[in-house]
Structure formats: structure tokens, C-alpha cells
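First subunit A sits with subunit B, and in the next complex the same chain sits with subunit C.
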Partner chain A sequence: MHISEGILSGPVLISGMAIAAAGTAIGLKKLRNEDIAKTGMLAASFFVASLIHIPIGPAGVHLILSGIVGLLLGWAAFPAILVALTLQATFFQHGGITTLGVNTVIMALPAVVCHYLFAPLIWKNKTISAIGAFGAGSIAIVLNAVIAGLALIYTDEGLFKAAALIMGAHLPVMIIEGIISIFCVAFLKKVQPALLPGFKSINN
Partner chain B sequence: MINEPFAAGTSIIHKLGPRYRIVIAVLYAFIVAVSYQFPVLILSLCISAIMAVCAQLNFRALVQRLLLVNVFILFFWIVLPLTGGGDIQFYVGPLPVYKNGILMSARITLKSNAILLSLISLIATMPFSVAGQALHALKVSDKIVHLLLISYRYIFVLEQEYRRLITAARIRGFKAGNNIHTLKTVAYLAGMLLVRAVRRAERVHQAMLCRGFKGKYYCLASFKPSYGNWIFTTFMAIIIICLAVMEWGNI
Partner chain C sequence: MNIISAISEYAIPAKVGIRKQCNAKDTFYKLPFTASLVILLFFFPNIAFAHNVSIFAWEEGDTVYTQSKFSGGKRVKGGTIIVTDPNNNVLLEGKTDDGGLFSFIRPGSGLLKIKLDAGLGHANYWELPALEADVITDSNIELPETINATENKTLTVITPDIQKEIDIAVEKALDKRLKPIMQTLADNQQQGPDLRDILGGLGYILGLMGMAAYFKYRKQNNIIK
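Take a look at the complex of A and B:
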């Protein structure tokens, strides 16, 4: 969920920037030089994944994958998402420059929360792992919609019902992202397990 | 396809220094974003339109971008007047239409379009690589500049990778529909994209190490000083101050 330019009020924009700056600072501090290429590349794949469309009924949504990004990157999700959103804002004018802070918080904060909640479940048995993956995908979307909704409501109480509508519209997205996340994590466990957090190689 | 339809050009705006454009664009966007009064918003929309004319933007691409955002704004025009609260302006059949909602939607429309036009004119008119170098010159953290430029470099590559994967799936008869099979396929496709991205990142990192990468961004590009930059900056600074005075001053 992006909020575009010209909707939010000054205080909301500034608080968004402050939280995004703090998150990004932590993310950058934890980001080692050897992870820069990987994080940049994952930011790029996050951007490209948003071009993938999935039909829901007659309409469609695009992939968000913020849960997966959170699982893979932890705090580095903040700078990665900031970068992906900057690219989106300059390339497609999705989101925007003044809303960059708020949008980064909307996407990255849930990603980090999901990392801490669900990363420990990934290497448990099959059922728990699937539950963890579903949780990461769907809870990320729920929090995403909640933060976006709060940003709208704090801007103007008149936006309350619009915010409620937007949050409601996220319900199907939440289920879809959860299911995609289950398959995606199962796939990564088979193909590139070292990518997932907490992977211990048999060799060492 | 991902592309930058406005980046190349020979207009006056394309010739201005990227650093000045970025700073002014951000300040201007913020002043418009926090404005509330209609005269200020209408004036800023006019100023942004003048910038767009100066930048000689590709008209079709511009209309496309503006349409996209205004379709999103249409959602507010449908919802807010019916739910905004406050005084009732008039009735459509049994439904009350609120004045607050109409004003709010109008404000959103003016602001969005004004900011969008200014950003397209000032920032989308430079290749993103130049924007990265300009941010470096503006003392943005090296790590962020690296991330921005690496992402920019590889979104095109990864997009091709994605197109290859989806073509391969289609050749095998994949058709997106409302079923679990579609979700599974898309999830594997996204997973494959991540795997390829990370494997490529390993190679890129090794190549960077070979070239002596230690986390610092060395920039060979230099920005030529010119009087035009200062004229533009002063002029825009005056406009921004005028907008602020109109918004908050008691005149």
C-alpha cells in the first residue's frame, strides 16, 4: 500500500520521516560492507516483484512481498525498502518524495516486526514453518494496512471511513500474500536455504 | 518495461545542475504538501505546470503518469464527499454530500498534481545514476548511494530475468487464474527471482572486491558550476518563500 503525494498532513509526513530515518540508521549500521551488493540486489528484486500481477476475482493485485523481504533482511529491510520506493517514486511516480518517509515506515516496519516474530519458526518442522511463513506474509500486510490507515486518520478524522475501506480491501491481499509466502519459503528452503535467516550449514 | 521517458532532453531544466534541482524539488514539494489554502494550491499548480512546459516533457508519457495518480484520487472523490462529516452541502437522492469532503478532495487533487508535475519536471528529467551522484555530492551516506545505484543498475536485468521466467511458464501453458496453482507458480517465480538476484549479488560483490571495494563510494563525475544554477535557485527560493508567506502570513 502506497500513499501518494498531497494527501497526508505535515505532522504525519514529518513523523513518518523521523521513524523512517531512525529505522534506516539502524539498518545501515547493521549492514556490513559485504552485504551491500546483496541488499541492493534484493531491493531491486522487491521493485521487480511489484510488477507481478495476480488476479483476484475480476480485479487484480500486485505482489508486495514485504513479509519475505523482512524475513531475508531483518533491519536492513528499512534501507532496502527506502531505496526501492525511491526508485518507484522517480520511475513511475508511485508514492512520492514527500511521502517517502511514511511509505517506508508503512512497508518496512511490518517487515522488521515479521522478521522477529516469524524467523525463529522457519527451521522448525514442516507445519510450524508453513504457519510461520503464512504469518510473515499476512501479518506484514495487516500491519501495512493498519499503519497506512493510522497515517490517514491522523491527517484528518474525515478520512476515517476512507481508511476503513482501504484496510478492508487489504483482507484478500493478506490471505494471498500469506499463501504465496508459504510456497516461497518452502521453495527457498529447497533451492537456496542459506538465504533464509538462521540457516546452519551441515558443513560447519 | 521499466524506462525513464523524461531523462533525456535538451530543455533549460535538463541543463540545470542536478544537485540544485533535487534540493529545490524537495523543498518545493514539502511546501506544497503542507499548504492548506486554495489560492496557494492553485498558484503552485500553475508554477508546476510552467516547470513542466520548460522541461519540454514527452506529452504522452506525462498524461499517462498523471492519469494513473488521478484515478487513485478519484477514489477520494467518491468516498470523501459521502463520508467527510461536517456541513451538508446538498443531497444526491437520499445521500447527503458533505462540504468538508468536497474541499478535502479538491485539496488532494491540487496538491498531488502540483507536486507530481514539479517532481517529474525537476527530478525525473535526469538519469537516476546522475541523481545518485548528486545525492553523494549532497553528503548522503555512502551505503545508501551504493544501494540506490546497485538497485538502479540491476532492476533492468532482473526485470528481464522475470520476463524470461514468465515466458517460460507461458510456453508450458501457464495461465493466471483464481486458483491455488497460480499462487504456487507466482510464488516459485518470485522465489526464483530472489535466488537469481542473490547469486548475481555474490558475483557482483566478488567483482567489487577485485576492484578494491571497501565501502566507500568514489565518484568520478563532477558538476560544473554555472550562473544558471544560481539564477534558478534564487528564483525558486523566492517562489517558495512567497508561497510560505501566502500560506502563513497575515496578508
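Take a look at the complex of A and C:
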């Protein structure tokens, strides 16, 4: 889902950068001191996740983890994903520097959307919590594909074909990330519930 | 999966609060995490590559060969190859075969920009430098019957004719010798990130975290003062 250099036109690149900058500004503004470590940890997870390759489909795909990053971070997903993508572009030649803005929007915007959609479900009963976690992991990928399709609208493939192709290729990732999210949320609930959004400690 | 926190939680179980809760259920939740971490990090280091495409091109005689693949080694099937000159004028187009290969006769001797579009935002290019003026590109010239040719000419005088023959012979021999080397080079292009890259990236994130914490807390302290 990382768009390489030299595919997108100038206006698409610039609007991507503008949205990414705005999102990052909001994310940094909202970032509380106690969330800095969490943001860093999730940026690191996101950075490494793209190395985990799923050899299914014509091109092969990799984990993205935007759902779980968004679920735990909310708006802070923007700076976290921007940093991780910058490092992926420089270290792995994965994506590119000029497409950094667009790629950040592709992956961070769905993350934020999933935060608002699914975070309220996390503290409900076990089943609803699991559904919420799965939804966050998989819906984020669907939205990733839609935004990537939007970015690729002026290329040969066009919006619908590009989005459909990306979504088809990422079907296994959708399911895998949904399951990862379920385990992640269940695990954090057990051992470190303060990392989850909307956690109310007994002391307060 | 939050790999880092999973590792830290698993590796540092000494936190009092956590230890108190440790029971069979916790072990149940930790098991898939540990298992998947072990599998991902130790059993499949070779498939753990970033996902980008690369193209590598080399010349043999007057033919240009290209090899396109995704990092991780998967070949690009049916990717579009567009060959342009430095001014982005399209010279020719083609599609890669099942082995990610595409070859064409060199159009002109100038610099070639060979672009690969593997679809869905995956693209890369390779620049093939211009041919030097004295390199012979025309390998279609038949080598004459060598015995008769050399008998008629004295060995001390190298006529332009003989020079040309020698050049062609050397070209052909070199192409033959270099072919396996070029193939190896093509295969070794872009082997994906190694541990140094990964740890380097994680180090940067750690540093940025430290910077963010420093500035946030400094601001807070100033407010308190």
C-alpha cells in the first residue's frame, strides 16, 4: 500500500502533504506527555510490520497494522505513521520521500477513523470488544484501499479498479490484521489496560 | 500486533501488578504471541522483506535484458516496461514475462531510462548509460572464414578489417563470460533490508520519542515555574 515515487501527479502529492501536515499537527497538539512512549512503541511496531510479508496473491503483501495503531493512538497515529513511513522510505526504499504525504494519509486517516468507530466498543463485553477489535484491524485496510484508490485515480487503473485490486490483494491481510487486533486488545486488557483508549483506572 | 510491548511484557514479567494476575488464562493469551513472534522472527527471516519493486537491466551485444522483481524475490509478472530517452520520449513499451524478464534491441546508443510499472503504485526505474562511441553494437557482422583471412594478411600489419574482427570476437567472448555474472548481479539487486536497517530505524524512533518527551516535559516544567 506504499505508493512509489514517480506515479502520482503534483497536485495529488501536494494535497497529500497538506492533509498529512494538518493531521500530524493535530496529533502532536493532542499528544499527552504520558502517551509519548505508547506512540513511539506503536510507531516502531508499524515500522517493523511492513517487513512481515504474506506471500499470497500476485505481488505478495505485508502487514500494515494501521487499524491497531489507530485504535490505540487516535490522532497521534498521524505523527507515529509519518515517522515510521519516513524511516521505511529511507531504510527500505519502501514508498518514497515525495509520496510520504500521500502514503501517510492513506494509512493514518483510516487509523483515526477506526479509532472513533471502534474504540468505544473496547470496554463493552467480551464479544463486542472482540468484534470491535476485528473491525478496527480489517476496516482500516478497506479504508486504506479506498484512499489509495483515490490517490491513484489519475493513473491507468482509475479509482474503482485500483481500489478493487488493492482490496482483493489485501483480503488476507484484512483477516489476519483483524485477528491480530483481537489478540492484541485481549492481551492488553489482561496485562496493560492503561494502553487501551478510554481506560478508567480505579484510583481516579 | 504490538510487537514491542508484547516483547517487553513477556520479557519483563517482574512487574508486581502483572505477576499477581498471572494465571492459566494469562499463559493462554501469551502463548500465541510468543509463538507468532518466534515464528516470524526466527523461522522466516528470508520472507521478512519490505515490499517494493526493483528493475535491473544489462546489455549483451545489441540486446538489453531486464529483470524485474518485488523485494523478497517474487518476479513481476506482466509488469509494464517503458523505455524512454533522457527527455522522456517513449522509445518502446513491453510487458514482463512470467520470470519477470523483458528484453529488447537497443534503440539507439544514447542513455536509456527503463521504467517499470508493476501496477498499484509500485514503480521503479533503471538508467542504462549511453554506449561509448568505439564500442561495436552491430554483432550481426559475420566473422569471415578465419583461416583464409589470416593467411592472406601479414600478422604485423593490423588493418581496420582485422581490428574489427578482433573487436567483435572479444565482444562475443566477453558477453558469454559476463552473462552468468550479470545474472548473479541481477539476482542480488535489492536483497531487502538487513538487521542493521531495522535496528537503525528503531533507534531513530527511540531518539524521536526522547526528543518529544524532553520538549513536552520542559514545557510543563516552565508552566509550573
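What we mean here is this: the second predicted complex is superposed on the first by the 174 of 204 C-alpha atoms of A that agree within 3 Å, B and C clash if a C-alpha of one lies under 4 Å from a C-alpha of the other, contacts with A are read in each partner's own complex, and residues count from 1 in each chain.
Keep in mind that, in the parts below, contacts are C-beta pairs under 8 Å (C-beta built on N, C-alpha and C of every residue); 3 or more make two chains touch, one makes a residue touch a chain.
Not measured: the values here are computed from a predicted model.
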| item | value |
| --- | --- |
| First, second, both or neither for A:Leu65, with subunit B first and subunit C second | both |
| Partner chain(s) touched by A:Tyr116 [first = subunit B, second = subunit C, both, neither] | neither |
| A:Leu13 touches, of subunit B and subunit C: first, second, both or neither? | first |
| Partner chain(s) touched by A:Thr98 [first = subunit B, second = subunit C, both, neither] | first |
| Which superposed partner A:Ala148 touches (first subunit B, second subunit C, both, neither) | second |
| Subunit B versus subunit C as contact partner of A:Ala84, first or second or both or neither | both |
| First (subunit B), second (subunit C), both or neither touched by A:Phe199 | neither |
| Contacts of A:Leu51 with subunit B and subunit C, given as first, second, both or neither | both |
| Shared subunit A contacts, counted only where both subunit B and subunit C touch the same residue | 4-7, 31, 33, 36-37, 39-45, 47-49, 51-53, 55, 65, 68, 72, 83-84, 87, 91-93, 156-157, 162, 165, 180, 183-184, 187-188, 191-192, 195 |
| Partner subunit A, residues of subunit B touching it in the complex | 2, 4, 25-26, 29-30, 32-34, 65, 68-69, 72-73, 75-76, 79-80, 83-86, 98, 100-101, 104, 107-116, 119-120, 123-124, 128, 131, 141, 143-144, 146-155, 157-159, 161-162, 176-178, 180, 182-184, 186-195, 197-202, 204-205, 208, 213-215 |
| Contact footprint of subunit A on subunit C as seen in their complex | 1-6, 9, 18, 21, 25-26, 29-30, 32-33, 40, 47-53, 70-72, 74, 76-77, 115, 117-125, 190, 192-193, 197-198, 200-202, 204-206, 208-209, 212-213, 216-217, 220 |
| Interface residues, subunit A side, partner subunit B - complex | 4-10, 13, 24, 28, 31, 33-34, 36-45, 47-49, 51-57, 63, 65, 68, 72, 79-80, 82-84, 86-87, 89-93, 96-98, 156-162, 165, 176, 179-184, 187-188, 191-192, 195 |
| Residue numbers on subunit A that touch subunit C, as the complex places them | 1-7, 31, 33, 36-37, 39-45, 47-53, 55, 58-62, 65, 68, 72, 83-84, 87-88, 91-95, 148, 151-152, 156-157, 162, 165-166, 169, 180, 183-184, 186-188, 190-192, 195 |
